Amino acid sequence: MRQDFRWFLPIPTRWMDQDPYGHVNNVEYYSYFDTVVNRHLIEHAGLDPARTAEVGLVVETQCQFMKEITFPQTINAGIRVIKLGNSSVTYQIGLFRDEEEDPAALGRFVHVYVDRGTRETVRVPDRVRDALAGLVV
Amino acid sequence: MRQDFRWFLPIPTRWMDQDPYGHVNNVEYYSYFDTVVNRHLIEHAGLDPARTAEVGLVVETQCQFMKEITFPQTINAGIRVIKLGNSSVTYQIGLFRDEEEDPAALGRFVHVYVDRGTRETVRVPDRVRDALAGLVV
Amino acid sequence: MRQDFRWFLPIPTRWMDQDPYGHVNNVEYYSYFDTVVNRHLIEHAGLDPARTAEVGLVVETQCQFMKEITFPQTINAGIRVIKLGNSSVTYQIGLFRDEEEDPAALGRFVHVYVDRGTRETVRVPDRVRDALAGLVV
Amino acid sequence: MRQDFRWFLPIPTRWMDQDPYGHVNNVEYYSYFDTVVNRHLIEHAGLDPARTAEVGLVVETQCQFMKEITFPQTINAGIRVIKLGNSSVTYQIGLFRDEEEDPAALGRFVHVYVDRGTRETVRVPDRVRDALAGLVV
């Protein structure tokens, strides 16, 4: 339910998100995941995608699709953190259509932190741990 | 300039709009064009993309790129109509970053109206003419 | 491994599949899944996306990312069916870079068949069952 | 016509290239442009998008849409150079469906070369001039 998530971002749909079945294509749901997670990191964890030394790379994602989404609905994407590990962060994500309380989709999104240059695994940086503290459940 | 456009839609950028050069890829600018034009038609001209008998198909688009756009900037997409013909509509589109007055990009977007089933050219419907009247310059 | 999959489609990467980290964005992997599954259904199961009465809607997808993909690599997308149920089909998908034997990504993709108009669940049609018979493991 | 172009790349369509009108969305045509131009530069002009000092940024694109494209058609994208200036290159691009001789779309694509770091305009590098020599008409 919407109240179970900790941080939200409104994401308006775009015309071309849709496919010939007249609804948002399943692939686009993951672009909403990617957008809400990175937007939170930029606004609250000091991520500068062009420069930050430690970046989160995606190692696993998953989505259950419960309701169709159609343009021009706006999605409210909510996130919470279910595991904050040594080098990885596991998010749960809920996508809610307009003002609805039950989700159109539920997702899982796992970041592993690596050094931008070497791609070696590193510890989740403190700036990220601080930013995620309020999202952990 | 921003004041030259008649109807605006805020379009937040998404993480994956960007390419390896660290800015929004040129292709995505056209998805902003497509979104602002269709959103206006849905909200003001009664377009139901799944059912309306006469639909606008794109026959020409063009874009000049003046400034780079980066996530998470929000684009304000403005439109105006420079030609409202018998069967076609020509829009000019300006993309403005956040609160800027001068455009990041200027575009041209031409719709020809066709019958959804036969794809034969038809007259621009009155519901569209009425909706566009205030946008013509 | 590559030999565990039953049907393959080469999918060349595109420049804009990539994101600012200089590799194919995680979201695009799912567009490769969507493309290989639908291409198989069109070529072997008589799917006509504009007309077929029973269509597969995606209810769950999942992906593990093992290796980065960069433009202009070509992906060889392999599929097999691990569950052919009454109304659903569960695919496993492997994405292989160029001629590699071990996958860059492994995915799961679940279709539920519905009536195009009513969106009511229907039995997986025989034309689909016949086409998938050789992919079941 | 197809014979007027100098270098070709086959680009298979993807399921999600399509929109609710059951054809490839107009925006995607530009991703085919972007892909054929960059693929040529990588294969023939030594472009390494992650490292090359001088990169081409897009300052103008344009497209005329003549025929609808539908999945799973393969596009043959052809390019030629109509202006090789001091710091800019202007391409014409033709998109041909499968084996057709007349184009589904004709495009214009203008690159300006800049220094990756400063974004200052630079001269088109000799490695690019050499690679484009055979494409100039």
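Order of writing sets the labels: A, B, C and D. Residues in every chain begin at 1.
Heads up, the rule we're going with is that contacts are C-beta pairs under 8 Å (C-beta built on N, C-alpha and C of every residue); 3 or more make two chains touch, one makes a residue touch a chain.
As the structure is a prediction and not an experimental result, all values here were calculated from the model.
Asks: When you check each chain against chain A and chain B, which touch both of them?
Replies: C, D
Asks: Using C-alpha centroids, which chain lies at the maximum separation from chain A?
Replies: D
Asks: Count the touching C-beta pairs: is B-C or C-D ahead?
Replies: Ranking B-C and C-D by C-beta contacts puts C-D first.
Asks: Roughly how far is chain B from chain D, centre to centre by C-alpha average, rounded to an integer in Å?
Replies: From the centre of chain B to the centre of chain D is 23 Å.
Asks: How big is the gap, in whole Å, between where the Cα atoms of chain B centre and where those of chain C centre?
Replies: Here the centre of chain C sits 33 Å away from the centre of chain B.
Asks: Per the centroid of Cα atoms for each chain, what is the distance between chain C and chain D, given in Å?
Replies: 28
Asks: What residues in chain C touch two or more of the other chains?
Replies: 15-16, 18, 20, 22, 25, 27-28, 31, 34, 49-50
Asks: For chain D, which residues are in contact with chain C within the complex?
Replies: It is residues 10-12, 14-16, 18, 22, 31-32, 34-35, 38-39, 42-43, 49-50, 71-72 of chain D that touch chain C.
Asks: Please name which positions on chain D make contact with chain B in the complex.
Replies: 20-21, 25-28, 30-31, 34, 49-50, 55, 57-65, 68, 116, 119
Asks: So in the complex, the part of chain B that touches chain C is made up of which residues?
Replies: Contacts found on chain B: 15-16, 18-22, 25, 27-28.
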